[in-house]
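Naming follows writing order (A, B, C, D and E), and every chain is counted from residue 1.
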Amino acid sequence: MIDKVFYFLSFLAILAGLMVVFTKNPVHSVLYLILAFFAIAGHYILLNAQFLAVVHIIVYAGAIMVLFLFVIMFLNLNAETEPQKPIFYKFIGVILSGVLLTLFVGAFRKLDPIYSDLPQTDIGLIKNLGIVLFNEFTLPFEIISILLLAAMVGSILIAKKDKAVVE
Amino acid sequence: MDIYFILGKLILIVIIFAISLLTAMYSTYGERKIAGFFQDRLGPDRAGPWGILQPLADGGKLFFKEEILPVNANMALFIAGPSLSMLTACMSTAIIPWGTYLDIFGTKFVLQVADVNIGLLYIFGVVSLGVYGVMIGGWASNNKYSLLGAVRAASQNISYELAMGLSVIALIMLNGSLSLAEISRNQGESLFGLSGLNWNIFYQPLGFLIFIVCAFAECNRTPFDLPECETELVGGYHTEYSSMKLGFYLFAEYINMFVSSAFMAVLYFGGYNYPGINFVEANLGHNAAVIIGLAALFAKILFFIFFFMWVRWTVPRFRYDQLMKLGWQILIPLAIFNILLTGVGIMLFDN
Amino acid sequence: MSSHLPLVNHVEKETTTLNLGPTHPATHGIFQNILEIDGERIVSAEQTVGYIHRAFEKLAERRPFYQITPLTDRMNYCSSPINNMGWHMTVEKLLGITIPKRAQYMRVIIMELARISDHLILNSILAVDTGAMTGFLYVMQEREKIYDIYEEICGARLTTNIGRIGGMERDFNDNAIKKIRQFLKEFPKVWAEFEKLVSRNRIFMDRTVGVGGISAERALSYGFTGVNLRAAGVDYDVRVMEPYSSYEDFQFDIPVGQHGDVYDRYCVAGQEVWESLKIITQAMDNLPNDSFHADTPEYYLPPKIEVYKNMEALIYHFKIVMGEIEMPVGEVYHKVEGGNGELGFYLVSDGGRTPYRLHFRRPCFIYYQAFPEIIYGATLSDAIVTMSSMNVIAGELDA
Amino acid sequence: MQSLSNRSKQVSQKEMTFMESIYLPAIIGGLMITIRHFFAKKITIRYPEIKKLFSKNWRGVHVLKKDEQGRERCTACGLCALSCPAEAITMEAAERKKGEENLYREEKYAARYEINMLRCIFCGLCEEACPKEAIFLTNEELAPSRMDRGELIFGKDKLVEKQHDPDNKKRGGGPLEERLFHSKENSSYKSTFEGISNS
Amino acid sequence: MGKIDNSTLAGKLEGKFPLTVLRTDELSDMLNVYSDRRSNVEIVKYLWDEPSFQFQFLTDICGVHYPDRKGEELEVVYHLHSFVNNHRIRLKFALPIEDPTIKSLTELYAGANWMERETFDFYGIIFEGHPNLKRILNVDEMEAFPMRKEHPLEDPNRIDKQDKFFGR
């Protein structure tokens, strides 16, 4: 049962990933990317990492991709004016992605498939996550939270300052 | 997993689905009737006694109306938009605890579809997806008003999700759990000598205020109905929609309203708890207490739906930049302040 | 307005053209604004008007004088009695008729009622355009009561065709007087409630304060009159500057604003309703007891009973109805304080049965051209609010 | 700019107090106002069952009146058509023949009398113009609507009243003096015209 | 609040512009000043600037067509208003129909823009220096200038137009 779900999700993720690249319409690309994120979130759930799955959806699908879509919607007001890329860029793109593919294939050949029969653990549950975060990784966690808070306060300040300049 | 468990859950899902659809349906009627009453009018009163068949008539009308598909619209996405809206709106009912459990012939029948331990995060996940329906539909219509509506909806939802999340964090700190069942159970304790009155609203009034404002914004209700404000954007993201696709959008809005009312009731107003729940349980039995609790929860939900409408028919709406300013410059700092306050409170009183 | 300028000028972005109108929920009537927007900021606007141009000035060149009254109904249809009265007074000025005090007071009462109905629509529609629907319906009930009063006086509600050249067509009957008294008693409560609901609400104030402002100099240069000019701080009111129809008898203030923005316009219009109520109260209390029409049988239709019995009356009746009365040669310009400004009638008569030339100075047409300048750099929402607060009425815009 | 009239009064107060600037008091005040209306008496008139009373001066759809003996009053003088600013009235006159005295009051009558309701603006000028008190805008039908535009040209079949009703208190009904009083509720005319006819 | 009376106003104007102000009269309600069309901006500017007048408000612009007056068939009528003195004046400029041009007042009064466009639309009077002189109320494709007297309204008594939809 779990196997079948795994294969389905993997197939979905790969298909969606390919469609991201191959669709002409950037809005469709973004939507396929969201689908890919969902498939990956499904994988997390299979690993019993519910927290990670939900955060993945909230952050990636719910916020970042919305912003992507937001921007693309404005750019794509008329699709006909999309400029044709020169052949040179396409050539470089093919070479670079070929190199990346070789790298991945090489890396995965060395990899032992030890995760395929991962036992059901509760490590991904929020309680355990919290315990780990606040015991083993207290310092990094606090530093990151301060960083985030600083970023948030900074952004609010910037927004306020902008207003003051306009006035 | 035994068969009864699955069967019970299935029944529950069907019932909850039916109830949320029915509530949404009658919310449309309620909206019109309540709007009428607020405005010294009677509202719909022709279809059936007091017009109670009006939602059926509306639904019938929406189903049989001519379907207009704009020529230059992106067909697949044009259809996907309302469907997504409807889907995400219905998904979040899954984790609402409608009661503890019913004891039917010795079998425990839990009145919650899924008690996931990330309950609150699940809500945010689903809610953050809700904007896609609006965005996709607005973009696919190939209409500038729709696009403006979609863009407004997107930025509004993202902005207010943040403040909403921050306001709920204080609640999580207080309860020590993300599970809605757990939060509801915590609120069943006694306060002022009354059992079932340990509601979070008494500890988190500021958090509730932020939450309800954000809930208004997430549901695109006045004063935050900029994505669909008629006087500016004609119909906003659903300008080009007609027949049942339009119906889906409107319906999704009412389901969202139902769901967010339910969450407000569960998170802040004790959920299925009501004053004197222990007394009832001791005297009338467990099942009676649970059913009264269910009724109490529904009363709270209906009150919040009424409150949504009440506010809608009273206040003007914000302007886009003022909305952003309120969200980013007022509500988020306020929510952070609320977290600090809660932290200090927990430190002082819990020890 | 100038505060927005740097934002718009310095950033070069692709703009979008947005057609606001001809049929848009916020264009109350039919006219078009072609907006260039950058995001939500407006970088330029161009108006197209004339969608309901009905060639009233041309039509008026064939109609006898008394048949032009129904045409004026359809200009500012929110306050058509003012237009009617303005037209009657123009013709009376040409003919040199002075009408009795009672008729003048009756006209004042009707005109002020019309002003109330105009301003309450103006303000409540502004509230609707900011999103608050309910207050609109509260005051709309009162507008219906004003229409009931019109109905008692003349028989119609919206396009009134009220009054006659030389006076009113009939005296106020008991019902009308009762209804006016009742209105004077009940309306202040409703209006106070509406203002309480809207005026000091911060959401509404944020939407309107500082939005769509215009300086007094620009307003004068654009030929603003009425509420829009007074909101900019110029206390110009035809009723006070050049009193007509016994306006000099009444005590009232001219409300003025400071910056000519939407909130100023809202406050001025709101206060004018109170002033109008004052005027109506004074007029009702001091209503003289003489005739309701001038004693000019050659211009004023005789009563029916005389028409059946009296040869002269029958002759006059036929002459007036056929438009064969002697009109003096000459030209007059008469102006009244209409719902949204100085409503002028420039009438050239060559002595024929119809006007040789009739030009309507429609305040709305003149001040609406300032719209692109006012909304430059504002957001789309501001443009909507500004448009509705300027009280642009398509019927008057296009004549 | 200097004051032009010395009667100006500054009205708009734009500074918000603290209570106003925190949104909630005004919103709560507004909520209180609306909730009061929620329980107030409703003003809706449930139209087809309950109808609003029209005023005595109501200008509705036209009626071609008959006199006390059931004869049509109209004499086809054409004043109404002339006075109509919308040019909605068309009529054709005909001579009354022998034996028709019980149908038409005057020697001439309107053989065809049509009002195009699509053009009519209900201004009431025809009623004022009529020297024979034949046409009155007293039919209390609201906004005649038909599926076919042709049906909206009202001929004599629709306009002429079925039967004279002496008890009718509307304009144009009842005995002569009362009718006239209704149409012009004033007696100050008399002196005017007496003066003229004497001079 | 100084008052001006019409005779001093007329005298001053005639003294200031002896060649261009043709005549003045006081028909009905206000002072009419008939002047040469080439001087309209100067006169209006003088009336604006002169401290005792200050006609700084343009009430109205309209055209009139007199087909019988040879050489000056069209007439542009300005109504100016001095708020400070609460006084009005009417300026008239006659134009020949072959060359209906007059200078635009848009430099002085922003509000003259649409009024001049309307006058152009109805009478074909060309305002030189107007930033955007095109039709405003009528459709752009229209060729005639409809308010001129050579375009009469149709005869009200014609009977050949029996139309079920639009009446006679």
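Everything below uses one rule, namely that a contact is a pair of C-beta atoms (placed from the backbone, for glycine too) under 8 Å apart; a residue touches a chain by one contact, two chains touch by 3 or more.
For clarity, every value in this text was computed on a predicted model and none was experimentally measured.
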item	value
Chain C and chain A - chains in contact with each	B
Among all chain pairs, the one with the most C-beta contacts	C-D
Euclidean distance of C-alpha centroids - chain B vs chain D, Å	52
Centroid distance [mean C-alpha coordinates] between chain B and chain A, Å	28
Between chain A and chain E, centroid-to-centroid distance (C-alpha), Å	70
Whole-Å gap between the CA centroids of chain C and chain E	24
Per-residue overlap in chain C, given as positions that touch at least 2 other chains	16, 134, 138, 141, 197, 201, 203, 234, 236, 241
Residues of chain A engaged with two or more neighbouring chains	none
Multi-partner residues of chain D (at least 2 other chains)	4, 27, 30, 33-34, 37, 43
Complex interface listing, chain C residues touching chain D	63, 66-71, 73, 134, 138, 141, 148, 151-156, 159, 161, 169-171, 173, 175, 193, 196-197, 200-203, 205, 209, 216, 231, 233-237, 240-241, 252-258, 263-264, 266-268, 270-271, 291-292, 295, 297, 301-308, 310-314, 317-318, 321-322
Residues of chain C that touch chain B when the two form their complex	16, 18, 24-26, 40, 127-134, 137-138, 141, 197-198, 201, 203-204, 206-207, 379-382, 384, 388
Complex contact set, residues of chain E against chain C	27-30, 32, 56-60, 62, 64-65, 77, 79, 83, 86, 88, 90, 109-115, 118, 122, 135-139, 146-147, 153, 156
Chain A-facing residues of chain B, complex	74, 77, 116-118, 121-122, 124-125, 127-129, 131-132, 135-136, 139, 147, 150-151, 154-155, 157-158, 161, 178, 325, 328-329, 332-333, 336
Residue ranges of chain D touching chain B (in the complex, touch as defined)	27, 30-31, 33-35, 37-38, 40-44, 46
